[in-house]
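Letters A, B, C, D, E and F name the chains as they come in the text, with residue numbers starting at 1 for each one.
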Amino acid sequence: MKLITAIIRPHTLEEVRGPLQSIGVSGLTVTEVKGYGRQQGHTELYRGAEYRVSFVPKIKLEIALDDALLDQVVEAISGAARTGAFGDGKLFIQDLDQVFRIRTGESGASAL
Amino acid sequence: MKLITAIIRPHTLEEVRGPLQSIGVSGLTVTEVKGYGRQQGHTELYRGAEYRVSFVPKIKLEIALDDALLDQVVEAISGAARTGAFGDGKLFIQDLDQVFRIRTGESGASAL
Amino acid sequence: MKLITAIIRPHTLEEVRGPLQSIGVSGLTVTEVKGYGRQQGHTELYRGAEYRVSFVPKIKLEIALDDALLDQVVEAISGAARTGAFGDGKLFIQDLDQVFRIRTGESGASAL
Amino acid sequence: MSNLPIELSYALDTFYFLICAVLVMWMGAGFAMLEAGLVRSKNTVEILNKNALLYGIACIAYLLVGYNIMYPADPVSGIIPGLDFLLGADNSTDAVVAGGDDAPYYSSMADFIFQAVFAAATMSIVSGAVAERMRLWPFLIFAVFMVSFIYPLEGYWKWGGGFLDELGFLDFAGSVVVHMAGAAAALAAVILVGPRKGKYGSHGEVRAIPGANLPMATLGMFILWMGWFGFNGGSELKIANVEEANAVAKIFVNTNAAAAAGMVVAALFARALFGKTDLTMTINGALAGLVAITAEPLLPDAGTASLIGAVGGLVVVISVLTLDKLKLDDPVGAISVHGAAGIWGIFAVLISNPDATFMAQLIGTSVTFAWMFIASFIVLLIIKAVMGLRVSEEEEMEGMDVHECGMEAYPEFTSGK
Amino acid sequence: MSNLPIELSYALDTFYFLICAVLVMWMGAGFAMLEAGLVRSKNTVEILNKNALLYGIACIAYLLVGYNIMYPADPVSGIIPGLDFLLGADNSTDAVVAGGDDAPYYSSMADFIFQAVFAAATMSIVSGAVAERMRLWPFLIFAVFMVSFIYPLEGYWKWGGGFLDELGFLDFAGSVVVHMAGAAAALAAVILVGPRKGKYGSHGEVRAIPGANLPMATLGMFILWMGWFGFNGGSELKIANVEEANAVAKIFVNTNAAAAAGMVVAALFARALFGKTDLTMTINGALAGLVAITAEPLLPDAGTASLIGAVGGLVVVISVLTLDKLKLDDPVGAISVHGAAGIWGIFAVLISNPDATFMAQLIGTSVTFAWMFIASFIVLLIIKAVMGLRVSEEEEMEGMDVHECGMEAYPEFTSGK
Amino acid sequence: MSNLPIELSYALDTFYFLICAVLVMWMGAGFAMLEAGLVRSKNTVEILNKNALLYGIACIAYLLVGYNIMYPADPVSGIIPGLDFLLGADNSTDAVVAGGDDAPYYSSMADFIFQAVFAAATMSIVSGAVAERMRLWPFLIFAVFMVSFIYPLEGYWKWGGGFLDELGFLDFAGSVVVHMAGAAAALAAVILVGPRKGKYGSHGEVRAIPGANLPMATLGMFILWMGWFGFNGGSELKIANVEEANAVAKIFVNTNAAAAAGMVVAALFARALFGKTDLTMTINGALAGLVAITAEPLLPDAGTASLIGAVGGLVVVISVLTLDKLKLDDPVGAISVHGAAGIWGIFAVLISNPDATFMAQLIGTSVTFAWMFIASFIVLLIIKAVMGLRVSEEEEMEGMDVHECGMEAYPEFTSGK
């Protein structure tokens, strides 16, 4: 099993959801985060003093899934979240040793 | 060392804490997240227009721990967080290569 | 590639950023979290009733990086975030299987 | 032309009354902000709905029947008023300029609206005490009964000229008739709905449930303070001669002094007790000072008024802590502010008013409390039987806003708590 | 000395006017809070800036020229007023004490400020309807034209003694002259700027875009309600004798009753429709009740006033839903509250005022609507051509606050939405 | 009966005074909201506590001794007033109807409360400037001295008939006597407590520390604006004849015009400087316009008043930027709004009042500034020696709310910043 962590633009969340559901991703977790990469924030102004808001608001998706779905999901997220401008985000893939569903106690792929 | 990521119902956080402390978990990190799994959100209403709040508020716990504690902790969280209804949450287990305590510079299991 | 997760004091974020950028860390993601370790929260008071705010606000940094930078980054964060008191935080290191840059589709180290 | 001065006097008294009514109406916003600030974010829309709608319902119910019960044209006895609906015609110019002791000196419409906003204020007291668990519409149905009958009846006993008035019970602007009365109804409701889930631990410990928006609560205090100038100042009922103008001015000074002293003393007391300056006690202290001086804001000098307010500030802190010991859960401190400080206020009349007697104050307070508590209890019990008073455990956990109002107060900020 | 009563009468009327003006000025805060509460957090600083600056601009523009257009010293015809600038001298004591039907009975400065705050209120209506997408300075430039010419001209037609007044069109405090007029301008603006991105789905579905701070919106309602006592009460223009004092008092009672009924009925209606008690409808219902009674707050008895307000509450709920069906995106419901309820109010005059005729009301409403809509449309079209009206798509997505004002409303709380 | 007109006149003037006092009291809420909106969330409970408690303390201290120092029955000299406590009896009806130039024409109780709320306003100015780092109780102890002695003494020099008054120094409602005086004390405090940690970088750069709740700050502005009608309008001290009624009305018009112009000009100026429309400058501009017109709101025509306000709007923006260059950290801009615009206002008297002389204005301003600054500095120095003024670095980092008040303002929303 894999854990995909995707950092995307907040307003693309809705576009990403649909494709994921059609692929068969059965759940996901969303966190509001801030970050920077090539996209380097912007300045705001307060009483004449400029200040950099260096971290841009992003949405982090965490999706635990079966290895079989990995490529499709990478594809789907990349496709839906791409605008082509700096700030589109990143995907990180990690191994997942084990998963449990708290409600039933199931573990492994059937718990996803 | 392992990293357990638990997604649980917000109000079970207090129930989960006690058992973890008695087992000897020395620290944990909490994040407010939203997500969906089998539990599929609910509708709200605003000026007559219904809208799905598709992501349900959850709490994410991250716990770095010694392999020896793993089973006990999985047990403890599952027990305290289970209500039996959709939405109880998930546990994800990952390998942890290394840990450092910033204050002292210690690393490995003694830094947990 | 590695994923470093650092839990630090909120006000050290600004001190940490500079060194990271000089090392050549090209991006990072910040989440507001709460947690406890050796530092055990504090009490607040509301209408005469004391209550423990057991989770202390922290900042979580996630940095995906090339293995080559690992030691330097661990060093840099530890140095900038250390005050020597309980609550300075932790660093967790995990393996990262794969990274994709959404904008360009690049993968691997060049996507960092 | 020669009647111009009398007409002017009538106009000035009417205008003064109307402005005071606006100030008391504004207290509705004060209660709304206070309560919205002191509940958790997940119950905020609901408490706002309650505060807005109770004001509307109170105005309608009092117009329809409450006002006539409280001030009957033709009372049956000192205990039983008459029954009448809506409003009659206003005073004619002839009646006004005729002069004499009975000549009307201000518009009866102005009188009505001033009285109506008092009725709404009484009801507002209840909403805070049962916040975060009593369902919206059962509460509003209770408001209909409260403002139509329960409150007007005891109002009649004192201000309508009923038996408490004849007895010599003295309550200038309503420490008991309005504030303690509201608190007594609130107490009945609090007992019936029970405490919020999680408020009291299984080992008897009191758990803090902090309010979500303290600036809003502080704004509520300032609004109430401002409105109280109308509440007490308007209760003099006349301003249009030297003596009356002096009286109204003195009431303003005393009202302000009592609030200031209540606030500062409560803050100091809380600091001494807790080691911290508890803002919610600062707020409650000011309100307790206001409630305490309400029974007699005219006769004491400003120094004495300050002392009366100061004691109110002590009383409210003690009462808040005591109610929690008794497991009576009152999220905003309404029973302490309006009940405990109201009782202190009614006996403080003895300090400055030589006409006041301990017995009359005691009887007046006891009768009012008994009536308000019992009548409210019975009506609430009936509502409980018919439709229930309290939200389900799940609704309480997830918040009343989503379940009762389908909406969040701060949809972009609220966390998953 | 023998003139003292006349002087007092003048002073009382002036004071009453000034206090009413302060209450209406305060409505500016009400609009600001209402709108700041009902937009998303990312557009909050901008709407606050709009509300503050439009008030300032309205006061200046109305002082410079608007007031003279609306109340010309020397009108050209029933359609065309004169053109004049700034203010003249106030009434002399001699003119006042001379007496007679034409003698001034209150300060013309007080008259000016009372009228000025009405002009500002008219403009405030527009800001809510175009919230979250119309740029700040184009809006403020439109405000200059609106308050200098567009509104004063139609104001002249009715209140300045122009042709609508001669026709027998009756609008006591401005259900149409102020409220529907503002709504008509708002409608023109809404059509020109289009709906917010994401408000209407590609399959015609209506998407909710919840406001970020409901307590603030509720405070706005209470402020507006309070201010309305000045709005309607001051429109009686005189209080200093028995008859006038009674009239003002009755207006207070009726205004309050209509608001209360509108609120409760809208809440009940929304609950019946949606199964939940929608706080935004509670708020809009109260405001609709107020708008509805504004055309004739004096003649109906309090029961009838309640009914007029109640129907206003129904109208506003239906109108909000209908406008969304028509894809007219009005984030705060301004067009429904001020337009739909305003039209209901103007025809409700027929219920209690025997002098009102259906035709006069219809013509007055139609002419006002046509003028306000068309003139606004043209001016906005020109502004659009010169500098654009709407923010770019990127700005809209990221929020107007950062782009137009360089600042966030809640920098410590706002999430990445 | 023949005395009725005189009595009515007394009653009307008293009522007018009381209403103005309520409006000024309400400014306390305005300061509280303004400051609570412009600090970070972690210091919000503390600033609310400060604003509430300073109002209470000011009312008590001014009642006890401050009022008698400012308006001594029996002054020792033009510099030294007498010492007296609490309040005397009010005017008798006989004294009023006796007539003559010395006859009292309004309640002395009304006078007291009007003066008391001015004292509280002066103190409110300080709290904003030292927000986020000066400890609560040292601040409140300073408030005791400030309102008991420091402010009343300079108040005596001008309004109590002391030497500045005899000198021909003209300050109608307190551009200098209240506003600049408060700013001078604030300046002393700001110098003594130093800037907030992180406000100024090691290379001299100015770092923005955005306020947490801009809608609240905007509400504060509207409240202050509303209250200012009472502040300036009440300072005419009489309304009950044609001339005085006209004067009060003109003051209302001018006060409003100056605020409007100050706001719009500051917003435009900020936009020109920064490229964005800075809402905090919009707010400060309105307040600066109000402060600027306060020294002479009666004599200028409305156009001139607008210009005076407009220049105030420019002054405040420049002052805010300049103070930051001087590393004088004033989180809400209090020194700029009340000090810089106050000084402009006092010299703007020369424009419209032929009795004003440059020298008298200069001396009055300098003396007031020197006294307020030095006396405040010394008292603060003593408090600093005894108990310290500033929170510890750790407390500042973690926020004063938890450390001083044991509570968070927005416990459910605040992030870990």
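Heads up, the rule we're going with is that a contact is a pair of C-beta atoms (placed from the backbone, for glycine too) under 8 Å apart; a residue touches a chain by one contact, two chains touch by 3 or more.
Quick caveat: nothing in here was measured; it's all calculated off a predicted structure.
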Original post:
How many steps does it take, at the fewest, to get from chain C to chain E if each step moves to a chain that touches the one before?
Top reply: 2
Original post:
Chain by chain, through touching neighbours only, how many steps does the shortest route from chain A to chain F take?
Top reply: 1
**OP:** Return the chain pair with more inter-chain C-beta contacts, choosing between B-E and A-E.
**Re:** B-E
**OP:** Count the residue numbers both chain A and chain B use at their shared interface, divide by all numbers used there, and answer same if that is over half, different if under half.
**Re:** different
**OP:** Can you check how far apart chain C and chain D are, centre to centre, with Cα atoms defining each centre and the answer in Å?
**Re:** 52
Subject >> Between chain A and chain C, centroid-to-centroid distance (C-alpha), Å >> reply: 18
Original post:
chain D to chain F: how many Å between their CA centres?
Top reply: 32
Original post:
In chain C, which residues are in touch with two or more of the other chains?
Top reply: 31-34, 44-46, 58, 94-95
Subject >> Touching two or more other chains - residue numbers and ranges from chain D >> reply: 5, 8, 12, 19, 210-211, 213, 219, 274, 276, 278, 280, 406-408, 410, 413, 415, 417
**OP:** All pairs of touching chains, please: list them by chain label.
**Re:** A-B, A-C, A-E, A-F, B-C, B-D, B-E, C-D, C-F, D-E, D-F, E-F
**OP:** Could you pull out which chain D residues touch chain E in their complex?
**Re:** 4-5, 7-8, 10-12, 14-15, 17-19, 21-22, 25-26, 28-29, 32-33, 36-37, 44-45, 48-49, 51-53, 55-60, 63, 86-87, 90-93, 96-97, 106-110, 112-113, 116, 136-137, 213, 216, 219, 404-413
Subject >> Sites on chain C touched by chain B in the complex >> reply: 2, 5-8, 31-38, 54-55, 58, 60, 74, 77-78, 81-95
Subject >> Parts of chain C lying in touch with chain F, wherever the complex brings them together >> reply: 10-11, 32-34, 42-46, 57-59
Original post:
For the complex, which residues does chain A have touching chain B?
Top reply: 3, 17, 26-31, 62, 64, 94-103, 105, 111
Original post:
What residues on chain B touch chain E, complex-wise?
Top reply: 44-51
